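Input: a single structure, listed below in structure tokens.
Each chain carries a letter (A, B, C, D, E and F) given by its place in the written order, and its residues are counted from 1.
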Amino acid sequence: MIISLVIHGAPGTTQGAQTALSFCQAALAAGHQIYRLFFYEDGVHNAHALAVWPQDERDLHADWAALIRANKLDAVVCVASALKRGVLNDEEASRYEKPAASLDAGFDISGLGQWVDACLHSDRVVSFGV
Amino acid sequence: MIISLVIHGAPGTTQGAQTALSFCQAALAAGHQIYRLFFYEDGVHNAHALAVWPQDERDLHADWAALIRANKLDAVVCVASALKRGVLNDEEASRYEKPAASLDAGFDISGLGQWVDACLHSDRVVSFGV
Amino acid sequence: MSTLHIVSKSPYRTDALQRCLALVAPGDSIILIEDGVFGVNLLTPDLKALEEGIRCYALSEDLAARGLSVAAAGIRPTDYAGFVVLVCEHRNSLSHG
Amino acid sequence: MSTLHIVSKSPYRTDALQRCLALVAPGDSIILIEDGVFGVNLLTPDLKALEEGIRCYALSEDLAARGLSVAAAGIRPTDYAGFVVLVCEHRNSLSHG
Amino acid sequence: MKTLTFLARSGPVGSSRPKALLDMVLSAAVFEQKINFIFLDDGVYQLLPDQDPARLAAKNVSSALPALELYGVDKVYVDTESLQKRGLSGRPLLISAKACNADEVRSLLADADMVFGL
Amino acid sequence: MKTLTFLARSGPVGSSRPKALLDMVLSAAVFEQKINFIFLDDGVYQLLPDQDPARLAAKNVSSALPALELYGVDKVYVDTESLQKRGLSGRPLLISAKACNADEVRSLLADADMVFGL
């Protein structure tokens, strides 16, 4: 099946992002196609490149980045959610005259149109961290 | 009276940070002394300098920065909370080899010792966004 | 007076108000803020405790923002300045998240 | 089958499980995940609905992480792979936050 | 075309959830999907008139609800039991919404390709 | 010296709350404040043995609880009603905690200079 995920939760604070990642791994292992990961609201913090995790805690940022890279997943961060939360790519950073970008290289920034597109092209869309 | 605030909530996502700011303004207006603002857990997002708010929404980041500056408030961001959430000052950014800092200039990064110190030196400590 | 109980979550969505009522003691006060103000309709019937000299408030800014007014007798609207006064009047405060 | 109801919050702290039970229909399934697995003790007595062919699951990784096991009859433990199967078996899913 | 059912379950002011859900609904409308929008649980508070979020220097998500009609979202429902439980039965509502009960919500869920609730 | 009362009200795994509270307790202990630490509501789940958060590749906040004794935090309580309500009465607990009821919790609140609950 073709599956997309909507991730609402920040890493660390609540468990939703962790569940989404494990679900995504299990879906891939079962041979399903992940059409898109859409990070919405606090979920955009999963794409924050400046986060530093203690060595003895699970670094979800690194785990997402590795999963996305290994499986060439389409990972989109909602632009409206991201701007308010300080998750910017180079283009947004320079547009809003901010001194630095903070989006992990594995993620794209785009609008809710990408979420609608995921609904259109997926058999299932599952929400995590609501 | 001498009052300190502990802020647990991110701006925008829930209302706690907004309530804390209004409470702080009211306490100052009533002549009380604010000993310290301690930003903990998701509360550290209030100090995120890269956030960009739509012009028609309330920019809590700007309101905090203005309030802190105008009243010379002591605003401390918990270091353990901040690192995991990508809120770094220059020192932390270079220590962890991150390309940029993201802490607003009005805030300091420090440990929970500053929260204990606030408990010791305040008559009241109120928690917001729990 | 002892503890100011701060209730900031909807009583329909969470058990914050119930947990508050389980711990409130004579001499304490309760203030409903944020989505906690949805409790203005619920509080009185639940609150035998109110007879024990427990005062109950609701933040007027949060009520107005939601188009609500204080319905139940015994709940007093108060503004942020009043919230600050309550914090000062009580020895400590407990935020029920 | 129609809807997979995903319950991720504690039934003691929030009304997520209640809101799920209010909407669940014959042919639907329920999966308890994250702090939702605290519902394993509660679900059966509450659930006349279970008699109507509603299957109920609890995510085994979340149970084990909390030192819990499935106590009530009629609740089946399942792992992430089983969670994926459930999502595929149902037409849609509703995450009760 | 897909059928998307949305459940507005949170109050209008206390969080970003209602705005996040409305943005999803309007985006789906732009792409001309078949939409059911149901206000239930604390979401029914979004329909109250006379909200004054300016008192919090905040924005009113409810003031954006009339946009639903402009975007052609006309299948809007409000759960009567949720209104009742909150003592809001018979109150005038900001936008017109068809009263529905739990059975009707269940059939809207059953008919949906995807469901989103916030 | 101040008297600080802490209420652990959240489960051990689902959020960062229990770790955030424990860090506060241990910091206050380092500064030698008078501490009461009460497990109640979902917080009693933190005291269950045989938790295996490695199944989630996560860290076990409960495994850090024995540190309380090292830091001299010996006023540790568990609310019996919270245990009962969750069907956990009589279960062995990870650390020794004095059983208490709501009246005792109320008096610990009344005696506190400051209260923190997560």
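Criterion: contacts are C-beta pairs under 8 Å (C-beta built on N, C-alpha and C of every residue); 3 or more make two chains touch, one makes a residue touch a chain.
Note that the coordinates shown come from a computational prediction; the quantities given were computed from them, not determined experimentally.
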Chains in simultaneous contact with chain A and chain F: B, D
Reference chain A; chain at largest CA-centroid distance: C
Far-end chain from chain E, centres as C-alpha averages: F
Chain pair with the higher count of C-beta pairs in contact (D-F, D-E): D-F
Averaged-CA centre spacing for the pair chain F and chain C, given as whole angstrom: 25
Centre-to-centre distance between chain F and chain B (centres being mean Cα positions), rounded to whole Å: 26
Whole-Å separation of chain centres (CA-atom averages), chain E against chain F: 39
In chain D, residues with contacts to at least two other chains: 12-13, 15, 34-35, 61, 92-93, 95-97
For chain F, residues that touch 2 or more chains besides their own: 13-16, 41, 56, 58, 113-114, 117-118
Numbers and ranges of chain A residues touching at least 2 other chains: 12-15, 22, 41, 57, 80, 124, 127, 130
All chain pairs that touch each other: A-B, A-D, A-E, A-F, B-C, B-E, B-F, C-D, C-E, C-F, D-E, D-F
Residues of chain A touching chain D in the complex: 1, 3, 8, 14-16, 19, 22-23, 25-27, 29-30, 32, 123-124, 126-130
Complex contact set, residues of chain E against chain C: 10-15, 41-42, 45, 48-53, 55-56, 58, 85-87
Contact set on chain A toward chain B in their complex: 10-13, 41-42, 45, 48-54, 57, 80, 83-88, 92-93, 96, 98-102
Chain F residues touching chain B - in the complex, by the definition given at the top: 2, 4, 16-17, 20, 23-24, 27-28, 30-31, 33, 113-114, 116-118
Touching residues on chain B, where the partner in the complex is chain F: 6, 40-41, 80-81, 111-113, 115-117, 119-120, 124-125, 127, 130
